[in-house]
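Got some structures for you, see below.
There are two complexes below, and they share chain A, which is joined by chain B in the first and by chain C in the second.
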Partner chain A sequence: MRSKGKKVNYAKWGYIFIFPFFASFFIFSFIPLMDTIRYSFYEYYRSGIKEIGPNFIGIENYLNLLKSDMLKYAENTLILWIIGFIPQIVIALVLAEWFVDARLKIHGTQFFKVVIYLPNLIMASAFAMLFFTLFSTSGPINAILMSLGWIKAPIDFMGSILGTRALVGLMNFLMWFGNTTIMLMAAIMGISPDIFEASEIDGCNSVQRFFKITLPLIRPILAYTLINSIIGGLQMFDVPQILTNGQGNPDRTSMTLIMFLNSHLKSKNYGMAGALSVYLFIVSAVLCFVVYRMINNEDLNGAKTVAKKNGR
Partner chain B sequence: MKIKGGYEMKKRLVSVLLAAAVIAGTLAGCGSEPKQSSNADTNADAGNAEGASNAEDVDTAGEEEGKIINIYCWNNEFRERVELVYSEVKETSADGTVTTLNDGTEIHWIINPNQDGVYQQKLDEALLNQANAADDDKVDIFLSETDYVNKYTDAEADVAMPLTELGINPDTDLADQYSFTKVTASDMNGVQRGSTWQCCPGLLVYRRDIAKDVFGTDDPEEIGAKVKDWDTMKATAEELKAKGYYTFASYADTFRLYGNSIDAPWVAEGDTAIKVDQKIMNWVNDSKEWLDAGYFDPTVKGQWNADWNQAMGSASKVFAFLFPAWGIDFTLSPNWDGESGAWAVTNPPQEYNWGGSYVHACKGTDNPQHVKDIILAVTANKDNLLKISKEKTDFTNTQSSMREAAADDANFSSEFLGGQNPFKYFAPVAENIVIAPLSAYDQGCVELIQNTFGDYFQGNVDYDKAKANFETAIKERYPEISEVVWPD
Partner chain C sequence: MKAKTLSRMRSIFAHLVLIILSFMCLFFFYILLINATRSHADLQKGFSAFPGKALLQNFMNVANDGTFPMLRGILNSLIVSGSSAAICTYFSALTAYGLYAYDFKFRKAAFTFIMAILVMPTQVTAMGFLRLITKMGMYDTLLPMIIPSIASPAVFYFMYSYLQSSLPLSLVEAARIDGSMEFRTFNQIILPIMKPAIAVQAIFTFVGSWNNYFVPALVIQSKDKMTVPILIAMLRGADYMNFDMGKIYMMIMIAIVPIIVVYLVLSKYIIAGVTLGGVKE
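Take a look at the complex of A and B:
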């Protein structure tokens, strides 16, 4: 009896130690989250410095959003994300493969790993500001191109849809490819070297090795990177906001969903902003669920196959 | 089993990641913290230094005023004027956030940029908390611009104190001010709730060297004749273009001439529809024509950006800007990198006013006496205003002194303008200003119409798309707006 009682006492400490997290989560995340959902059913904004509402209006905010340009902004967000993500994942895969490959004998891999991670440390807004100045019509990039004689008149990067989107994509690529590289390196290093050795003995060349061994085995991590990046992409805000001065120029083609949310917050339109947040929440939740399923199923299978092969 | 190298690698990787995370954390911290903490630090430092030496003064003064005056504004303009003319000012800290007065009271300058509505957002937050804030945190004075002065002088909102409550009688104390500035600062019942030191008649500021090159003269009278109205202006623009110069930097430069002379407010009192004035559409059509004709510098998009600032430099091909006095002092002069004396002013193609910062006493201030003194010193005292005009080239808000200034070439010639006395041109414009009717939505309308039609000017969207974009943007900004009515 006594010993049993003691065991229960130990468990108590576990709860005590995790309590602060749950308390702070409840106060700082859960209550605001519920409030956001609640206000999404209200008309609640500020006109000048007078508050209007909150008046309950049912799902009118949701319907109004569907009638607005929300889907167009979702499309913008997706396009901006793809422009950044494709080069990011390709370059990251190549770099990860090179850095891990012992036979390439790349010197100073540590140094490069730090360097490629560096852009991620700069604040996105500062980065956007820098690009805004670099690529402005009378900025240094145009000056360099002109003095090289490559172009005759300055290019109006931020005045064209392609230019603005490409710049946003470039910035997202530069900021995140280092992070992805390091994640993929960890994944590749997790593959047992025995497999690589065995494949070499069987006469496998490096291209085959990459496509037939490395890629399939890091698939769970790739999927994780992808979904994570989509969720991050959904929340894309600071780069296009700063680059286009919050307007999503030209013709609102680089207006992302969160910039749309932000422009509602200018008039403190909590109702409309809340409804938009709920939409975003649902999309993110679905994506999270997908990645959860993917990791749980496929990682287990992958691990099992590896374990079997290692088992001997 | 993993070979040792791999394990070691991973460990190193983890440590690199951890280090990166730590650095990222510190950097992120740096981004947000200093704003709050540096204020507090400098305040504390200044407080300690001053508190010791001035403790006696405060006791003997025996007033029940708070020790801290919080002033909300968007740049250093007001601070510099207070330092210049308010006799109680002792010193300002090196970073410009705290000004100490002779009696030990501190003025804390809370500065947020005007762009993107940031200033108003912060101010609104502070005003909503005004009732619950500790005395030393209460807003005592805040500034507003003509674009949105209406929002704060609103009688119902009641955040700006009527001047009479402070003990200022507008009819006697402010009798010398230009009357339109008093009208602008009043609520709909005619109660004046703010006051200004400046009045903003706008002029045409041009480069003398370009004028000489194109017209063979830089004489303000002769140039004035070449820009006296829009039709003459267009012929002049053609001459400038032939020599490879741009008349103005951007389509936004001419906006105020049209936009501030609209006949009816953007939104009528109690209405929820925006009525776009025919003059605004004239601006749209003329701007498109001018940009296509090559009279504007196509690389400059709008105002208040790096390209626009560069257009004021010596390497630029832009002939003229349309600026009131503050624009010459605060925008043109800092961006000009050549010798002073290269610019001159003359009459604009159309009389206009642009801007003006209003000073309001905030409801609930704990320093009413100081606030009253500051407002009177900076906006009503003729000698002080004359001094501001002399030192800062502001066109100030006392009629008698401005008439003196216009005649006084010896004291009021500007070095930046090559010895010209700009007041000679300002004064007649000022007396003829009829201010455009205001509404609380002016700022959003002005900002968004310039932005959405910017796309149209540059050929990214057609005319109807630009209209639709304006409607979308304005309804996002002001949810209570129900429709936008365009002129036929």
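Take a look at the complex of A and C:
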């Protein structure tokens, strides 16, 4: 397809065309990354109007972070992610299976797809603000529950650990289950119908079919969903930030890692912010690598699928 | 007969679950729409399933509020999201074409590199980014939210897959024989071919940029440059109890509704776009 001799004259155009991308990446991502790593080894913060540092202090920022509440925030992030992710993946798998199952004769598939995907496009911060308003003690949800007689006094959702975390989980679930459903559905529809027919002739019931055929065959997409969700979970910010006004209330039990990073950036504590960024960078790189290897070690094709998903 | 009843039960159950989930998705927005039409006094009386008459009044209250310049915010958001979508899709297509149609020494290395940075979270570079744009004099301007979108690995990959599936290189050769310069070939022949991919990615980039909160919150300081998500965050941080509730609902509605309208009009393409190029098996 590519005749080598002829292309040589055009090689410079290849460089010219990809130049803007790499220039932009270099300036706005690479330099900042190096800067971030560099200052993670410095004492560099602002106290009042005075700027302290930068003084080189080795890995002290890293040690201080370990002694701070960082691990607690990591745990919060993990919990908030799991509360949203488990129902998201379960419901999405079930819905995807139902949508493609001709025997169920689901009516209005298109309508349901449009509705369940809708929350994915909503501004997360506005969605969180909406939930904050709706679920406040004087908000409509409490008013409805009371007028139905289900509760006597208003529930202080955002005053309890469980309530706040459940709300964040619910929002994440609502925002992402439609997207996952559509991804998984496309994956299931991509399986050759012959396989399903053969299984039916062999007397396979729908439960067996789901666990023995569908699940193994959509593994690359499941891997993609998992990686995407883990990376997204690690970056969780908008929803808990707005819902708790950046405080992570009650008692910082809904403070995520990025909220922590954000508070360091806002207070201009560059050294600590740098060290925290490096931790996050390492964790996300490791997570990606592990999950990627775990699920794709036998098929190289999976790697491509994972990459492709991101092109959504 | 028994198997048939069972399958019918399953079908009813499936529909029931779908209806409940759809209800959950729509219910909150329904309350939002209703409450945005009710006056503060009306809202204090409790919940109502029916709209009130204060829609216009609430809108005027929001439009005339200098503390939260919502309309200005919408304009800023439109500028940022529109420009981001335009330059992101253009340069991603350019990069994809450059790597697809030309053979050069570092072609493979460049491709592998972009794949490697595909999942890098933007937040980890935020600290250096903030310092950099301050030094470059772009702090508190809209530019830092627009220019970096030139390098969007995910959009690039989408464009690259699209080129692989729909651009025969012989077409490029033909253009050359006809004496078309390389840039002209790209702008006048390749871009039109890539229109479907560009449209899909433009929508997603626009929405992503419209909803983005982390970066704008770091780089924007003055009120007349704030985008919608920062205004929403400011609203959350304000002394909430003294507010006109009708106005709050109206502000949230203004932030959400434009995207919903666009979505409903384009839903067919958007939903197809979620998986387009995503699943090929």
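Throughout what follows, the second predicted complex is superposed on the first by the 280 of 312 C-alpha atoms of A that agree within 3 Å, B and C clash if a C-alpha of one lies under 4 Å from a C-alpha of the other, contacts with A are read in each partner's own complex, and residues count from 1 in each chain.
The working rule: a residue touches a chain if its C-beta (ideal position, glycine included) is under 8 Å from a C-beta of that chain, and two chains touch if they have at least 3 such contacts.
As the structure is a computational prediction, the values presented were derived from the model and not from experiment.
Participant: A:166 in the overlay: touching chain B, chain C, both, or neither? Say first, second, both or neither.
Facilitator: neither
Participant: Check the residue A:78 against both partner chains and state whether it touches chain B (first), chain C (second), both, or neither.
Facilitator: neither
Participant: Which holds for A:57: it touches chain B only (first), chain C only (second), both, or neither?
Facilitator: Once the two structures are laid over each other on A, A:57 reaches no partner at all.
Participant: For A:131, decide between first (touching chain B), second (touching chain C), both and neither.
Facilitator: second
Participant: With both structures superposed, pick whichever of chain B and chain C touches the larger number of chain A residues.
Facilitator: Between chain B and chain C, the winner on chain A residue contacts is C.
Participant: Is A:113 contacted by the first partner chain B, the second partner chain C, both or neither?
Facilitator: Both chain B and chain C are touched by A:113.
Participant: Pick one for A:270: touches chain B only (first), chain C only (second), both, or neither.
Facilitator: It touches chain C, and chain B stays clear.
Participant: Using the superposition on chain A described above, determine whether A:18 touches chain B (first), chain C (second), both, or neither.
Facilitator: second
Participant: Should A:284 be classified as contacting the first partner (chain B), the second (chain C), both, or neither?
Facilitator: In the superposition, A:284 touches chain C alone.
Participant: Of the two partner chains, chain B (first) and chain C (second), which one does A:10 touch, if any: first, second, both, or neither?
Facilitator: second
Participant: Indicate the residue numbers of chain A shared between its chain B interface and its chain C interface, in ascending order.
Facilitator: Shared contact residues on chain A: 113-114, 117, 121-123, 132-133, 182, 185-186, 245-246, 266, 310.
Participant: Per the contact definition, I'd like the list of chain C residues that touch chain A in the complex.
Facilitator: 7, 10-11, 14-15, 17-18, 21-22, 24-26, 28-29, 31-32, 35, 46-47, 91-92, 94-95, 97-99, 101-105, 107, 110, 114-115, 117-132, 144, 147-148, 150-151, 153-159, 161, 169, 182, 186, 201, 204, 207, 210-211, 213-214, 217-218, 228-229, 232-233, 235-237, 245, 248-249, 252, 255-256, 259-260, 263-264, 267, 270-271, 273-281
Participant: Going by the contact rule at the top, pick out the chain B residues touching chain A in the complex.
Facilitator: Going through chain B, the ones touching chain A are 1-3, 5-6, 9-10, 12-13, 16-17, 20, 23-24, 27-28, 31, 116-117, 121, 124, 127-128, 151-152, 154, 156-157, 159, 298-301, 305-307, 310, 440, 451, 454-455, 458, 460-461, 465, 469, 472-473, 476-480.
Participant: List the residues on chain A that touch chain B in their complex, please.
Facilitator: Result: residues 45-50, 52, 68-69, 102, 110, 113-114, 117, 120-123, 132-133, 136-139, 154, 156, 158-161, 182, 185-186, 189, 192-193, 245-247, 249-252, 260, 263-264, 266-267, 269, 272, 310 of chain A touch chain B.
Participant: Of all residues in chain A, which touch chain C in the complex?
Facilitator: These residues of chain A touch chain C: 1-2, 4, 7-8, 10-18, 20-25, 27-29, 31-36, 39, 91, 94-95, 98, 103-107, 112-119, 121-134, 140, 143-144, 147, 174, 177-179, 182-183, 185-187, 190-191, 220-221, 227, 231, 234-235, 237-238, 241-242, 245-246, 258, 261-262, 265-266, 270, 273-274, 277-278, 280-281, 284, 288, 301, 304-305, 307-312.
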